[in-house]
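First chain A sits with chain B, and in the next complex the same chain sits with chain C.
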Partner chain A sequence: MVALLMHAAEQGLVYGIAALGVFISYRILRFPDLTVDGSFVTGAAIASSLVVLQGLDPVVALAVAFAVGSLAGVLTGLLNTRLGITDLLAGVLSMIMLYSINLRIMGRPNISLLRAETITRSITALFAPLGSAAVLVFLAGIVLFIKLVLDFFFKTEVGLALRATGDNEAMITAQGVNTKTMKVAGLALSNGLVALSGGLVAHYSGFADVGMGIGTIVTGLAAVILGGSLIRSRRVGWMTASVLLGSLIYRIAVMFALRYGYVIGFQASDLKLVTSLLVIVALVVPALRDRFVRRPKPC
Partner chain B sequence: MLTLEGVRQVFRSGQDLVVALAGIDLVLDRGDFLTVIGSNGAGKTTLLHVIAGNLIPTSGRVLIDGEDVTATPAHRRARRIGRIVQDPLSGTAPTMTIAENLALASKRSKRSLAVALTRRRRREFAEVLRPLGMGLERRLDDPAFLLSGGERQALTVTMATLARPDILLLDEHTAALDPANARRIGELTEAFVERTGLTTLMVTHNMEQAIALGNRLVMMHKGRIVLELGGEKKRSTKVPELVSLFSHRHIADDELLLETAP
Partner chain C sequence: MRRLVQGVVLGLLVLGLGAALVGGAPIKIGICKIVEHPALDAVERGTIAALAAAGYREGKEVEYLWASAQGDPNNATPIAQNFRSQGVSVVVAISTPMALAAAEVFKGTDTAIVFSAVTDPVAAALVASATDPSGNGNVTGVSDLIDVASDLKLLRELSPSIKRVGIVYNPGEANSDRLTRNAEAAAPGLGLVIIKAVADSTANVAMAAQSLVGRVDAIYVTTDNTVVSAIDAVVAAANEAKIPFLMADPTSLKFGPAIATGFDYYRHGEITGGVVAQILGGKKPNQIPVTYQTGAQVQLNLDAAGKIGLTFPQTVIDQASAIYYGGTLWERE
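Right, the complex of A and B next:
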């Protein structure tokens, strides 16, 4: 049981990085970005092919994964802001393009990392005294670092302008900010994080597969919404914390569902259906509540 | 300071063409305070959009200090142009705090990766909010959406003062407020304009206000400036006089249209 919980916590942390990415596009920019389903795989594809095929250091491979993921975000941002394609469609187009690109990067539909020098392996070796907790501690460290960097960024002048871009675009334009640039930058950051998450997932689970990104947007949203309903603060530090908490709880719930769900006939393949249904409920309930209970609207 | 030359703005709405601005010529000197009146649909808001850069006119030119800015995007004019509109919701970022909104507005140079809200900045912001007498200085960390319309508009005016623009555009910015708040925001704006001597263009439907404030007045109708008053003439004009001029011009203009129509 402890091993299972640890495993769920590790997953909550790695996928939590992708959830932070979704948080940036969906909550901060109010841009429903479907690119993530593709950029997650791009991250995994790069992080694994660079290690397996090119023999690169895993840390370098993950850094490249982040960078290329950012480019995917830039692509979506440009499609939307420069070519005037709607946000949803821009994301879908990028996602589909990335499918082909990801296959090109990997050269085949999946790559096994079982015999490769993955980040998880180097960490286990490096922090041997920690035993089986090494990976968990390492992941917690990375995730905490990313969270703190984001918290800081969103308090800087540029970070404030980015938040205002999602909040009141006309107003921040009148303050001299080019909101097109802001959107492109925000999507780059978001997809960079998603790709990093994909790369870590590949290293952690020992394989990359071209289909592994399906539903990244939905699980990300699940974490963002779940966390947001538990911690209702508008302070950035609390919001990023809530996303990570949401991701952890989601992964623990999934673990229980997979382990004990058979009692009610639940199969692993039902996961995406159930998650999507949960997201639908989470999106609809506040809307219904707003309809029946008058209260100050945040936006 | 600000020059408009033959500015025309034509919108396509369905099959029809709407001429919102039918050739506007206007020169504002530094420190001029122009009030703009005119019936609904006269083109007042469109005029401000063209000046701010939200619209690129169909033809004509906009110059600021002799520089042609007709096609300069809004965000690049923003440093020089402050703008407050009727809807209190539009001037602030709702989920961001009062202090964060002020920080957004007080930045004139390029935005960097420096922390936006230092303790010193917060103290400064509290000081600029205190004279409003609304207690906003104690609510620096409240998100803007919690504020009432009057409080929000006061915050928006304060943000404009921090940004220290050269030109201030006001579009019925007190129209959505109750009389007491409208007066307060009006006084606040006046004090601000007087203190800084910036060039101001104010749209209002309140004739009294249009006469009382500023040194020049124009009346717009169907995309044209149909009357201009300045200096002594403006000060001595009474509201009933203006109202009769207003209706006169309407008729005169309509006749003109009839005459020239094919």
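Right, the complex of A and C next:
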């Protein structure tokens, strides 16, 4: 059980990076960006093909994955801001283009990392004294770092302009900020993070598959909204924390559905149903508690 | 909430202990597949049937843990981790992504991974070599690589006027991608030209198939899950163009291709079950080379042939193990 919870936490963290990317487009920029279903795979494709085919260091490969993912975001941003294509359609177009591009990058639909030097293997070797906790500690470190950098960034002048672009475009335009550039930059950051997450997932799972991006936007949104309803705060630090919490809960729900679904009478084909039911429980329980449990009022 | 969780955990512990005390605790086998699909479901059934026949009955000698990734490769790794935490002795991983996830999660352990319905286990790095099992570690299994060249040869036999063969396929499927490449490699030797039409989802199959009308003399579809799911669209295009359609999936014969070849996936499962039985009998995975299923069948659909005015030559009829005529499948005695 402990091992399973650790694995669920690992996945919550690694997919949490993608959820942070979705948070930036959906919550900060108010831009429903479907590019992520493609850029997640782009990250996985780059991070695995560079390691397997080019023999590159996994860290370098992941950095390139982030960079190429950002380019995907730039593409969507330019389609939207320069060509005037609506946000949803711009994202859909990028996502569809990326499917073919991802197949080009990989050269085939599935790349195996079983015999490759992945980041998870390097970390397990590097932090051998930590044993099976090495990967979890490493991922927690990376994700915490990304979270803190984002928190800091959103308090800088550029970061504040980015937030204002989503909140009140007219106001920030009046302040002399080019909101088009802001949108492109925000989408680049968002898709860079999603691609990094995809790359890490490939290294963590031992393979990249061209079908692994389908649903990135759905699980990303689930994490953003779930976390946002559990931690209601307008402060950036709490908001990014809530996204990670949402991602953790989602992955724990998947793991519980797998482990205990059949114990309570569900079958293998009910996985997605049970996962969603568990997410609903996680959403509703705190709300019910607020409604029914009278708490002593703070003096 | 905490009480409830404690209660559930305690209950499970008691159940587990109880089962262990009753004695002869069954061997746990995890069976996982990428998606609910007629062929993959048949593999599951064939596997447990073969194991039961070998003396490993469900609920008695063995206990099965079932899982499906429901079409999402991201579920493959948690499924394998769950199997590991529950201490399964053997994992039956149906399809390439499931096999890769299981091999990664169980890397360096004694748990055997038996893959099934994997087209190219060597390219997937699941095993080091197709024939030499040493160096495989804890992985072995059964491949459903079909002989594309013999299918193309069959089309050639059908009529000497067949020169251009159209293939509808999804380049996102590892199996289909590999088989289409094989077809392209084999075609020149048989005097054929391959024209590809890409369908990346079931919704696009109709358009891809239509794009071949007038450009090809025959249509060929390999074991492509996307295209098989929308086979009616390919049949419609072939009938419109009045050209033969060869489908590498015998279970699809009644849906209207003129010829169906390939493997019975229930049999594929039985072979997989046989490999699992060998492992339960004490063999190590690195003593068992990968099994490549052989004995592809040829089945003819006379109803479909009638619609396009096709008469099968005697050489093709001689190879057929079954024909579909008047809405019924007639098998050769």
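By definition in this document, the second predicted complex is superposed on the first by the 262 of 299 C-alpha atoms of A that agree within 3 Å, B and C clash if a C-alpha of one lies under 4 Å from a C-alpha of the other, contacts with A are read in each partner's own complex, and residues count from 1 in each chain.
Keep this in mind: contacts are C-beta pairs under 8 Å (C-beta built on N, C-alpha and C of every residue); 3 or more make two chains touch, one makes a residue touch a chain.
Keep in mind that what you see is a predicted model, and the values were worked out from it rather than measured.
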Does the superposition put A:Leu103 against chain B (first), chain C (second), both, or neither? second
Quick check for you: in the superposed arrangement, does A:Asn168 touch first (chain B), second (chain C), both or neither? first
Considering only the touch criterion stated at the top, classify A:Glu157 as touching first (chain B), second (chain C), both, or neither. first
Have a look at where A:Asn178 lands relative to chain B and chain C in the superposition and call it first, second, both or neither. first
Specify the partner with more touching residues on chain A, choosing between chain B and chain C. C
Which partner does A:Gly237 contact after superposing on A: first (chain B), second (chain C), both, neither? neither
Where on chain A do the contacts with chain B and the contacts with chain C coincide? none
Report the residues of chain A in contact with chain B in the complex, numbered from low to high. 152-153, 155-161, 163-164, 167-168, 170-179, 234, 296-299
For a test of understanding, state which residues of chain A touch chain C in their complex under the given definition. 1, 3-4, 7-8, 11, 15, 99, 103, 108-110, 112-115, 201, 204-207, 209-212, 214-215, 219, 251, 254-255, 258-260, 262-263, 267-269, 271-272, 285
Mind listing the chain C positions that touch chain A in their complex? 1, 8-9, 12, 36, 65-79, 81-82, 84-86, 96-97, 100-101, 103-105, 107, 123-126, 171-174, 177-178, 200
Quick one: in the complex, what on chain B touches chain A? 52, 73-76, 78-79, 81-83, 90-97, 100, 103-105, 107-108, 111-117, 143, 145-146, 163
